[in-house]
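One chain, subunit A, links the two complexes that follow: it is found with subunit B in the first and with subunit C in the second.
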Partner chain A sequence: MEAKPIPDRFLRLHPNVKALLRDVPVLAFDRFRDTFLSQVASGARVSAYFASPRGDGSARLLAVLSQPLSATLAVFAADVGGSYPALTPDCPKAHWFEREIAEQWGVIPLGHPWLKPVRFHASYAPNRDAWQRRPGDPIRPADWDFFRAQGEDVHEVAVGPVHAGVIEPGHFRFQCHGENVLHLEISLGYQHRGVERALIGGPDARSIHCAETLAGDTTIGHAIAYSMAMEALAGIRVPAKAQILRGIMLELERLANHTGDLGALAGDVGFLPTLSYCGRLRGDFLNMTAALCGSRFGRGMVRPGTVRFDADRQRIQRLTEHLDQTMHDVRAAVSLLWDTPSVMARFEHTGALHREAAAALGLVGVAARACGLEQDVRTDFPFGVYRFAHVPVSTWDTGDVFARAWVRWMEIQRSYEFIWDNLMALPDDPLPPLPPEAEMEPDSIVVSLTEGWRGEICHVVLTDPAGRFAHYKVVDPSFHNWFGLAVALRNQQISDFPLCNKSFNLSYCGHDL
Partner chain B sequence: MIPVTTQMALLRLAAAFVLAPLLFGVINRTQALFAGRKGPPLLQMYFDIAKLMRKGTVISRTTTWVFRLGPIVGLSCVATGCLLVPFAGLPAPISFPGDFVVLVALLALMRFFTVSAALDTGSSFEGMGASREVQFSALAEPALLVSFAVLARQTSALSLSEMFGQVSVIFWQQAAPSFILVLAALFIVFLAENARIPFDDPNTHLELTMVHEVMVLDHGGPDLGFILYGSALKMWILGALIVNIVIPIHEISVWPDIFLFIVGMLLLAVAVGVVESVMARLRLLHVPQLLVGAVGLAILALMLMLGA
Partner chain C sequence: MLNVLKARWHQGYRTIPYPQAAPSLPDRFRGLPQVRFSLCPDGCHACMAACPTGAIDMDEHGKRRIDLGRCLFCGECGVVCPHQAIMFTTDHRLAVRERRDLCLHEGDVLNRAAALDKKMLRVFGRSLKFRQVSAGGCNACEADINVLTTIGFDLGRFGIQIVASPRHADGLLVSGPVTRNMALALQKTYAAVPAPRLIVAVGACAISGGPYVGLPEQNNGVPSALPVDLYIPGCPPHPITILDGFLRLLNKIA
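And now, the complex of A and B:
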C-alpha cells in the first residue's frame, strides 16, 4: 500500500508584506526537511535559509523559499539543537547557507560534504562553535584546509587576497593540471564587517546607511530592499512619484554597472577601444545618478516611505538629453565587441555553465539568465513601479562569458527604455511630505525582494515584542553565485579565470557582510 | 683613424640605444588615439627607466644570485645583439659568416636567464609564465631561423650585414612572394617575442593571463629598469630585421637612409599599435597555432625560393 503523501506545511507569504511571527509554522525537523526538498523539487528557489537563536540555547532554522509560479514565498521553521542532518547532500542550493548557519550559530549540519566557514568570524552563539574553536582563538580568513587534487603534474596556484588590480580582497585556490583547472576553491570573509549584527536593535539613524553600504555598487538595490521592509512593518504607503524615481535610480545603477562590466570584459581580453569608452560612459551614468540625488552611487536618495530628492521638469529634460547622448555612445562602443571576431573567439565557450547546473546551484541574476533560466524579481515578484511598468526578462542559453556579456547588453537596452518611459511618465506635482513616523509592527516577519543589477536581493527582517529588529538577514546575489563561478571554472584554462571572474563580477563585501 | 663606415655604424648603433624606448611611446600613443584617450607622453618609457634607475631594490629572501643575474645577462645579451644587426643597410659594427645564428642564440640566452630568474623566485605565477614563455619561444625560434635561411639563400650571404646589405628593389622584383611570406612570419615573431597583443598583453594587471610580464613581477628598481630597457632594445633589433627588408633603398646617401630607416621603425610601432587596438588577445591555447603558422609561412617562403 502506498503511503498518502503528507501535504507541505508553510506560511504562504507575499514579498514586502508583513506577517506575524507566530504564524510561521515551526515543524519537526523531518517535516521541515520534507517540505524544503519537495518545495525545491517543485521549482522553488532558496531566497534565504538561516538560523536565529532562541533563549534556551537552541537555534531556529528559518527557510524562505520563493515560488515564482505563484509569486509567493514559502516560510517555515524548525527548532534544532546542536546539530541536524544537512540538506546539502540532497539540495546543493543549501551548500553555502548551511556553512553560514554552522559558522554563525555553531549548529552543525551533519553530513555536509564540505563544512568550512564562509566568512571566518567567531560564532555568534556563546560557547558553541561548529569546529570546537575556543573563544579568543585567532581566526584568519582562508586559514583552513583546501580541497586538493593529487597526482603527477598537478600543481596548486594561490591568488589573493591582495590582487594586482584595485579590487576587493578574496582568496582563490586553483588545483591545476598544466594550464587546466581541475578545481577552484574560493575563500572569502576578508570584508566581514558584521552588518547584520550591527542592525539588531534598529531601526536607528545608522540603519539605512548600513543598508546602503552592504555592497557599495548596489546602494540603490539594497536601500530599496531595506526601505520596503520598513514600509511593510510600519504600514507606510509610498507615493507613486517616489516609486517611479526609485525605479529610475535602480535602472541607472544597472546601466552604470553593466556598461562598466562590458568595458572590463573587453579589457580582460586586451581589447582597448571598448575598455576606454565604457569606462567613460559608466561615469556618465553615475553622473546622471548624481544629477538626481547628488551622489554618484545614489547614497541618500532612497529612504523608507519616500525618496529624498524630487525631480522637476527642467532636470528631467536635461537628464533625457544626457541619457540619449550616452546611450548613443554605448551602442557604438559595445557593438565593437560583437563585431570583432577575436573578441568573440575569447567570449564564446569560455566558462560555460549548464542550465541544469545553474538551476541546481541556485544561481540568480545575470549569471542565471545567461544560462537560460528565466528569473528576474522584477517580473516574478514585481515590486514598486515594476508592478505597473513591465521589464522583459533578458536571457541567453549558452551560459558562457558571451552569454553573460550579451544578457548585460540586452538589459542595458531594456533599462534605457524603462528609464526613458518613466521619465516621461513622471508626475509634475511635487513629492508629498513624509508622513509622521509610524510604529513598527512587533513580533513580525517581512521578506523584501528586489532585483539589483547582480540579481536577487533578499532582506528578511524579524522584529521583537517592542517592534525593533530582532534579526536582520541579508542575502546578496553574490552569496548565491560565488560557488557558480567556481563550478564554471572546471576544465577551463587558468588564464581564462580573470575573464570568467569578470563576467560574473560578484561582490566581496556583499557576500562578506 | 676609424674608417668612415665604422663611424657611421657606431653612429647608428648609438641611435638604436637612444631611440629604442621611443617605440613604446609611439605604440601607446597609437592605442590612445584609437581609444579616444590622450595617452602617456611619447617619452614615458625614458622617464620610467630613469625613475627606476634611481630607486632601491627589494629582493625576496627565497631568491639566489640566479635571480639577480636575469636582468643583467638579459640586457647584456640584447646590447650585444645590437652590434650584430645592420641598421639602414650599412654593415653592423661586428659582422661575420653565421652571425645570425649568434643573434638567435643571444636572444635565447636572454630568455634562458629571464626564465631561470623567474623560476628562482619559486612563485607559482612566475613558474606558469616561464612555462608559457618557453613553450611559445620554442615555436617562434624556428620561424626566425627559417626566415634567415630564406634571406641567406636569396642573397647568397651568411652574415646579417651582407644579407640585409644586398636586399634591394631588384630582389623584391625577383622574389616578392617569398619576401612577403618572410615578412609575415617575422611580424608574427616580432609580436610574440615582444609580448604584444595578440600573444600577450603588456598592459594587463592579471597575473594569471600574463606570459612575459609575470616573469618579471618580482624585479624592481634598477633591475626592472634593465628589463624594460632590454625589452626596448629587443624590440628595436627584431623591428630592424623587418624594416631592413621592407625599405631596401639604401643607395641614396647615408643621412636620408638613416632618416628613412627611423621613419620605418616608427611606422612599425604604429602598426603594432593598430594591431593592438583592433583585436583582442588570443586564448592562450591558440597561441601555439599562430606561431606554428609563422613557421609554416617561413618554410613555404623557403620552398618557393628553392623552387625558383
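And now, the complex of A and C:
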C-alpha cells in the first residue's frame, strides 16, 4: 500500500486580516518546498516570497501564495542557513524572488540558473554575502556578466541607465542577430533608495510618504495597501464614505495612466493625433484627482483609517461634469487607434506572449490579462468598496501589444462606469472624525493586496513585540512583470523595443524600492 | 482620414494662455505656504513632529522657519497646528535661484527666481535645450516634466525643448535624491553637456533628498559639486510651477 501524501501545511490567511506570527507554520525545508510547489501547481500565485533575518544569524523564508479560488492566502515559512536548494528550477516565477533573497540576506538558493543581484546594493546581513563581496567593496549597478549569444553576426546592444526620453533609469542589454533580438536582459537597481529598510521601526511621520512614493504614478494604490495593513494591525474600521472615495481615487489613477499609455503607444508608432489628445486627457484625469485632494498624484489623500479630504455634493457635481466631458474626448481620441490600419498593423502580433508563458512567469495586471489570464485583485480578493461594487475583469487573449492596449481601453470604460456609479452612491453625510490612534498588534503579520493600475500590489508587514514594523515587504506589480517584457522581446525587431516596453509600462522605482 | 480630421476638430485648441493669464488651479492645491509662527505658543512643536522631512525647524537664533526645499507640500503641519500658523495658499510660483531663498521665516517674501544674466540670456534666451536625468525618486517629477511637452503647456512655444542627448543640451533637469547607483551616471551626463551649462533641480528629492532625506542609499539631492541654477520645490512640483521657473530664468516673466 502506498503511503498517503502528507497534506500541505500552511496558515490560511485572508488579505487585510492580521494573524499572530507564531501561527505561521515553520516547516522543515523539504516540506516548505513540497507545499510551495504543490500549491503553485494547483493554481496559487506567488504574491510574496522573501527572507527575514533571525537573531541567531539564520534567515527565515516566508512564502505568501495567493489562491484566487478560495480568496485566501497560504502563508508558511522555513528556516535556512547560508544556502538552500533553489525553487526556481521547478518554479520559474520564483526566479526574481530568489535573486532578491540572495541579494538582501546573503542566503544562496543553490542551483538557481541565473543568480545575479536585482538591485545592486550591499547585503543586509552582516558578514554574509551571496557573492563573497567584502564590506566596502564597490558595488556598481549592471556591473556583472550578462547572458550572451555567440556566433557570426551576433552583436550586443547596451542601452541606459540614462535614456533618451524623460523616463527612469535602467540598463537593457540586447543580444541581436541583425535586427532580430535573440535575448534581452534587464538590469535595474538605479532607483534603489532603501524604502523597505526605512520603514522598519515605524510607523512614524515619514512612513506614509514612503508608501506614497514607492511608485509615484501609483500613489493611491500603494497608499491603500499600506493603510489597509495598518488598519488590520490596529483594528481600525474605515467609514464607508472613505472606502468609496478611495475606490474613486484608485480608478482615477487607472484612468490617467491607461489614457497616457494609449497616447504614448500611439506616439511609438508615429500616430500623432492620439498621442497629442491623450497627453492632454491624461492631465484632465490628474486634475480631477487634484480637485479632490489638491495633488495630481493623490498625495495626501489616503491615510490609515480614513481619507483626508471629503467631497460634498457641489464638488461631486463638478467632478461628474468634468469626467463626462473628458471621457467623451477620450472615446474620440482612442477610437482613432482601432480605425487606423497603420496603427493596428504595428500593434498586432508585436511582442506576443503566450498564456502559458505568462502564467509560468507569474505575470500580473494588464500584462497578464492581455494574455487571457483572468486575474484581478478587485475580483479575486475584493477589498474596500470592491466588496460591494464589482468591476468586471477585462481580458484579451492575443498577448501582443494590441492586447495590452485593448485591455487598457476596456479598463478605461469599466473604471469610468465605476467612478460614475460610486460618485452617485457617495453618502451626503460628512466624513466622521478619525478615531484616536490605536496601538498596533505586536508579533503579528498582515498581508494587504490591492489592484493598482499596473496590477497586483502586495505589502507584507511583520510587527515586533512592541507593535512596530519589524519587517516591511513590498511587491510592486513591476517586480513580477519585468521578466515578462524580456521574454516578449525574443524574436522581435530591436526597433520594436520602445513599443513593447511602453505596452508593459513598468515601474523602475516600484521595482527598485 | 476623415475621422482623423473630425477628431482634430472635436478636440479643439487646448494650450493654456500662461503666462498671459493666471492658471486655473484647484482650490485644494497646496502651493506657497503662508506662515505666522508668531502665533505659536512656547513649547508647541506639533508641526515639527508631524513633518515627514524635518522641513520645519528652529534657526540658530531660535526662530522657527520652513524650508520649501524639504517640504513635500503634504499639508500635515497645517492639519495638526491648533493655531492656524501654517496655511498653504494656491500660489504656484515657487522657483528660486539660491538654495537659501527656500528657507522662510514669518514675514519673508519668497525671492522668486531672477533671470539669467545678460550674457547667458544672449546664449539661451531664445533656445534652451534640456537633458533630463532621473536620479532616483518616484517618477512623479518625471511625469510632470513630461506633461510640459504636451499640447496643454506646449513648452516648445517658449523655445525650450527636452532633448535626447546631453551633447545636444544646454543643461540638465535633475530629479530624484541621486541614489548611490545613479551618482556616477549623473556626473557623466553632466560632463557630457558642453559649457556654458545650467542645472535645474526639480522637486524636493533633487533639492534635499525629499522623503528619502538621510537614508544611506542616496545623496540628499544634487551633490554640492554641481552648481544648481534653479531650484523648483514640490513633491512633485506642479507642471505650471516648473514652467513658471523656466520662464523666470529666461526673463519671460518678471
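To be clear about the criterion, the second predicted complex is superposed on the first by the 512 of 513 C-alpha atoms of A that agree within 3 Å, B and C clash if a C-alpha of one lies under 4 Å from a C-alpha of the other, contacts with A are read in each partner's own complex, and residues count from 1 in each chain.
By definition in this document, contacts are C-beta pairs under 8 Å (C-beta built on N, C-alpha and C of every residue); 3 or more make two chains touch, one makes a residue touch a chain.
The structure presented is a predicted model; accordingly, all values stated were derived computationally and were not measured.
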So, after the overlay on subunit A, do subunit B and subunit C clash or fit? They fit
Vertex subunit A, Cα centroids of subunit B and subunit C as endpoints: angle rounded to a multiple of 10 degrees is 60
**Asked** Can A:Ala215 be said to touch subunit B (first), subunit C (second), both, or neither?
**Response** second
**OP:** Applying the touch criterion given at the start, work out whether A:Ser507 contacts subunit B, subunit C, both or neither, answering first, second, both or neither.
**Re:** second
Which partner does A:Asp496 contact after superposing on A: first (subunit B), second (subunit C), both, neither? first
Name the contact category of A:Arg346: first (subunit B only), second (subunit C only), both, or neither.
first
Between subunit B (first) and subunit C (second), which, if any, makes contact with A:Arg206: first, second, both or neither?
-> second
(request) Could you say whether A:Ser83 touches subunit B, subunit C, both of them, or neither, answering first, second, both or neither? (result) neither
Of the partners subunit B and subunit C, which touch A:Pro273 in the superposed model: first, second, both, neither?
both
Subunit A contact check, subunit B vs subunit C, more residues touched by chain C
Is A:Ala164 touching the first partner subunit B, the second partner subunit C, both, or neither of them?
both
Query: Just subunit B (first), just subunit C (second), both, or neither: which does A:Ala290 touch?
result: second
For subunit B against subunit C after superposition, the smallest C-alpha distance in Å amounts to 5
So the subunit A residues that subunit B and subunit C both touch are 164-165, 273, 276-277, 280, 340
The residues of subunit C that touch subunit A in their complex are 3-4, 7-8, 10-11, 14, 25-26, 28-30, 49-53, 72-76, 79, 132-147, 149-152, 162, 164-166, 176-177, 179-182, 184-185, 189, 210-212, 215-218, 235-236, 238
Within their complex, subunit A touches subunit C through residues 119-121, 140-141, 161-162, 164-169, 189-195, 197-198, 205-206, 208-210, 212-217, 219, 273, 276-277, 279-280, 282-283, 287, 290-297, 299-300, 308-309, 329, 332-333, 335-336, 339-340, 507-509
Residue set of subunit B touching subunit A in the complex reads 31, 34-37, 124-125, 127-128, 197-198, 201, 203-209, 276-286
Listed in rising order, subunit A residues that touch subunit B in their complex are 155-159, 164-165, 179, 266-273, 275-277, 280, 340, 342-343, 345-346, 350, 493-499
